[in-house]
Amino acid sequence: MLVVMKNDATEVQVQAIIREIENMGYRGVPMPGAQRTAVCIVGNQGPVDDSRLLVLEGVKETIRVTKPYKLVSRETHPEARVIAVGDIKIGGGEPVIMAGPCAVESEEQALTIARLVKKGGAQVFRGGAFKPRTSPYSFQGLGEEGLKILAKVRQETGLLIVTEATDHTNIELVEQYADIIQIGARNMHNYSLLRRAGHSSKPVLLKRSFAATIEELLMSAEYISSEGNNQVILCERGIRTFSDNTRNTLDLSAIPCPSSLTPAMPPDGGTMSSPCPKGLSPSVPTACWWRCTTTRHMPSPTGCSPYTPSSSAS
Amino acid sequence: MLVVMKNDATEVQVQAIIREIENMGYRGVPMPGAQRTAVCIVGNQGPVDDSRLLVLEGVKETIRVTKPYKLVSRETHPEARVIAVGDIKIGGGEPVIMAGPCAVESEEQALTIARLVKKGGAQVFRGGAFKPRTSPYSFQGLGEEGLKILAKVRQETGLLIVTEATDHTNIELVEQYADIIQIGARNMHNYSLLRRAGHSSKPVLLKRSFAATIEELLMSAEYISSEGNNQVILCERGIRTFSDNTRNTLDLSAIPCPSSLTPAMPPDGGTMSSPCPKGLSPSVPTACWWRCTTTRHMPSPTGCSPYTPSSSAS
Amino acid sequence: MLVVMKNDATEVQVQAIIREIENMGYRGVPMPGAQRTAVCIVGNQGPVDDSRLLVLEGVKETIRVTKPYKLVSRETHPEARVIAVGDIKIGGGEPVIMAGPCAVESEEQALTIARLVKKGGAQVFRGGAFKPRTSPYSFQGLGEEGLKILAKVRQETGLLIVTEATDHTNIELVEQYADIIQIGARNMHNYSLLRRAGHSSKPVLLKRSFAATIEELLMSAEYISSEGNNQVILCERGIRTFSDNTRNTLDLSAIPCPSSLTPAMPPDGGTMSSPCPKGLSPSVPTACWWRCTTTRHMPSPTGCSPYTPSSSAS
Amino acid sequence: MLVVMKNDATEVQVQAIIREIENMGYRGVPMPGAQRTAVCIVGNQGPVDDSRLLVLEGVKETIRVTKPYKLVSRETHPEARVIAVGDIKIGGGEPVIMAGPCAVESEEQALTIARLVKKGGAQVFRGGAFKPRTSPYSFQGLGEEGLKILAKVRQETGLLIVTEATDHTNIELVEQYADIIQIGARNMHNYSLLRRAGHSSKPVLLKRSFAATIEELLMSAEYISSEGNNQVILCERGIRTFSDNTRNTLDLSAIPCPSSLTPAMPPDGGTMSSPCPKGLSPSVPTACWWRCTTTRHMPSPTGCSPYTPSSSAS
């Protein structure tokens, strides 16, 4: 439920609402808007009795939020959220291109690709320092050394950095070095990690799990938002189906998403069967502001297979 | 295998090749090109010994076709095929819009929608006269009466007509009235019907089955081509997956298809959860020349449910 | 809707009910039971007003059938149907084993396998004379010659015969030779063929399509039943999923099926990755009366690949 | 690669092999057997040159392990592993029944169900104290209080306890109280948690993720084993498909699994659409030693929906 305050409601009145919501056994999250504030009630299992709230001062009306996700719902926040990172605006209407290799392998590799993708129009550089791998024996990333290389890429090219955090220990490091924290598909259900990302001041790029429904993706975003971080970018990266002509099947219909969050799609993870730098421009849906391309500048020494240079585990 | 003839090879030499191929137990299909002719060998289970062919007069070389589909392969016919119907060219670079209702329900309904979609930019009118229905008790279409209404739509609006044939009896009628014969997703594996469509002089729009791989779709196109009809338009219409936010999941990656045939995609069948007339323009991939939109001008009296006005069985 | 007649209702009263149902614009199908007769109303799109029926003589009550399938529903026919073919009872509690090769290739092959599977406990011999093939260039079966071989197998071994009909022409022949007519997965949506099978006096084994829901399978069975043939055996043969450890994923939960029809499952099509003769006994679920095993006695001369000897198109 | 030692090889010789493997840049894991020891080489990306090993004393032969999973492969450990917990043997041929509610809700609830399932034949009690929930606002389990209730259930009924650990903090607690640590489907790709479970002396029940291939499941088991814990029980719990007649589709073919680990299957998670206590006996495949049934003794006060009492997130 959303408690909408009058235009001239005072901060004291908002605090009184939040206290009353706590008395009722729930939690009240203030959602300041351009003209007025609303307070979102979270934590209720069923319908909320609003009679105790409607009589309080400063309350204009209450609106039921019918979705299981509250804070990320367009019912709660009708406008699309725009996330400002450095000079760029993600969700501001203009597509933002994020590109880079699966894994950071060396300074030379990262810088070579970064210059290439910058020339191609990218504003954000991606590359994994911590790689979630199907096999315990695979290259797991350069770790902090990789993060330092990413920092150097930012310094030399001006590109912003997005890179993945895979657990409760490396998220501390990733937070220090990255401009955007990536949560990979395999961790979309790792609620402990999602809560931790919710405490960060950095935006979070959340990838859809192989077999997650859109509602489950939004519920995972809700985990992040419910801890206070509303800067969530959703990434449709393809789902698992019987279809065998690409590694994953891009679920394009996920893009016009029912939440207020910013959608993103990787052409390589879902659609493409081969890497696609060049002009970095294959078929950008109009509703898609973000894109992530995996690139390779030379054969990999680390065991990423050549025909799927994209992050098999990102 | 493809037997490529020299530029100056004579018709007599081509016929000699075909006879020799028949002597070897296969079938030879001549593929005339702008500059020279090739003969495609079909019917072989394994590799073909080309020694008896290379020594014949007029033969330039032989090329192995490695795909299980032969006539529709780009190995056999490298350029994309352009299908001319009336004044329009399908596959000629410009998108062609095909739009119309699920089923033809009345002359008034068909003409009303036809004028609407023509204004919206459509060149081809779609509408079912024979409807394949999950239930034996559902409205199965107006039959020949529906075809006559479609003929009237063409006469009054100048729109071309595409409509579905569902079995060996109604394909005769559909062939007489339609400009393009549609084979629906449920009949993609109906090889008997595909062969019959292969004897037609009209182009065939072949829809992908719910769970067909791209290779299976191309093999079904091969059934049509192997009977002599090379005018096949492939239609990606969404596949079945666990994802529940749309009725089907559009497999966008099917569009850059490895065959020489013309791909098509319906935005409503796969992507959209609601009908989308207006300007008929949501997100046309650059590789997609064809589009099919299901429209409705008023509540249906025939049992097509309102929330899935699109052809639930087309 | 089901119109249940009183125990002592006369045939004249039943006919009066059917006429009144026809006057209302629907069709009435008599369902004789052990003690009394019911008349099932089919062809209605929505609820039926039973006031005109309840006042007629001999009517005990009316029961709404809430499923989209009527005649095959347990609401209409609460007991499981038992199909008697020759000396065996399919659905009578005891599992019936149907086994044999993908395709009939020669008399020697068929007889060799038939003797083998009879020894293993099978009561019914399966083998395709008409094979639906993904490729137009593959071996399509021996046709009527294959049917004659099957007749010989029956004569020599006493095994009953189940074999597939693939279109409106060969179903006439199959009907003459077979004890059970098989409709393959690729024709589960071929409503024209289903209706034709509904006119047969022979039982029909209906296989579930690769991507059909249980409801769609039952609706296809309803097509057969609505033409008068209630002897339908349903065959769960595995569905298409992302899972790659078997060719299809057996949907075991289809077996306790909500219809009155007889379920069947093939261990090779769904579960097994290799042919499984020996004692023909791997894991028979208790609710499964029927089983179909593909066997091979020697390398195939007809292009059925050795690692999937099972009916790749049956 | 597996380095098989001679029957009379000494511990000193085994240690020399391990040192040499480390010199080669890999890791050697000793696998003691009844008669002789083998050393498994892990950490290699490609083929290993065994010439330096074959010349060492005590070495009988080397065997290439062709699977990406090494320690859990039947190539490395041909016999099925038997896991002894308390008095029971999991994988010893006799099915072991593990049953209990989705979540531990109270002492009364847990004890009531525990007595019921013990009577029904169960040897192990399951129940969640830490619940991974799709929604951040759902009941997340009683935490340590729930674990104490489980300890009481063991004390009073003699049933062993399996319960889920969801992150790096609660796994410490779960390890103290449980006999078997459960890793849920949503954490099957949580490699950090898998490694931690690999350091435990308690057996681990690893559930297959919604969309994991069998190979990915085995690779996750390999994560656990590669840290030293070979007591892994695999749990097939149903996968996500288009099929909508059950919540998940049980992939029965996963049971005859190519690893040496112990497979398990929950009838409720995959097959059943309703809870199934009674005699706890529906269709146990012969290859399945373990089973997990979710039971409910009364309506839930915690928001577990009544029609899916099973662990929606376990």
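Letters A, B, C and D mark the chains as written, and numbering starts fresh at 1 in each.
The working rule: contacts are C-beta pairs under 8 Å (C-beta built on N, C-alpha and C of every residue); 3 or more make two chains touch, one makes a residue touch a chain.
Just so we're clear, the structure is a prediction, and the values are computed from it rather than from any experiment.
Enquirer: Looking at A-C and A-D, which pair shares more C-beta contacts?
Expert: Higher C-beta contact count between the two pairs: A-D.
Enquirer: Check A-D, A-B or B-D against B-C and flag the pair whose interface repeats it, over half of the contact pairs matching by residue number.
Expert: A-D
Enquirer: Measure off the straight-line distance from the CA centroid of chain C to the CA centroid of chain D, and report it in whole Å.
Expert: Taking the average C-alpha coordinate of chain C and of chain D, the gap between them is 40 Å.
Enquirer: Using CA atom averages as chain centres, what separation in Å is found between chain A and chain C?
Expert: The mean C-alpha positions of chain A and chain C differ by 50 Å.
Enquirer: So what's the Cα centroid distance for chain A and chain D, whole Å?
Expert: Measuring from centre to centre gives 32 Å for this pair.
Enquirer: Mind pulling the residue numbers of chain B that touch at least two other chains?
Expert: 211, 215, 239-242
Enquirer: Per the contact definition, I'd like the list of chain D residues that touch chain B in the complex.
Expert: Spelled out, the residues of chain D in touch with chain B are 211, 240-242.
Enquirer: Name, in rising order, each residue of chain D that touches chain A in their complex.
Expert: By the definition above, chain D touches chain A via 42-45, 68-70, 132-138, 166-169, 186-187, 189-192, 195, 209-212, 215-216, 219, 222-223, 226, 239-240, 303.
Enquirer: Provide the residue numbers of chain B that touch chain A in the complex, in ascending order.
Expert: 211, 213-215, 239, 241-246, 249-254, 270-273, 283, 285-287
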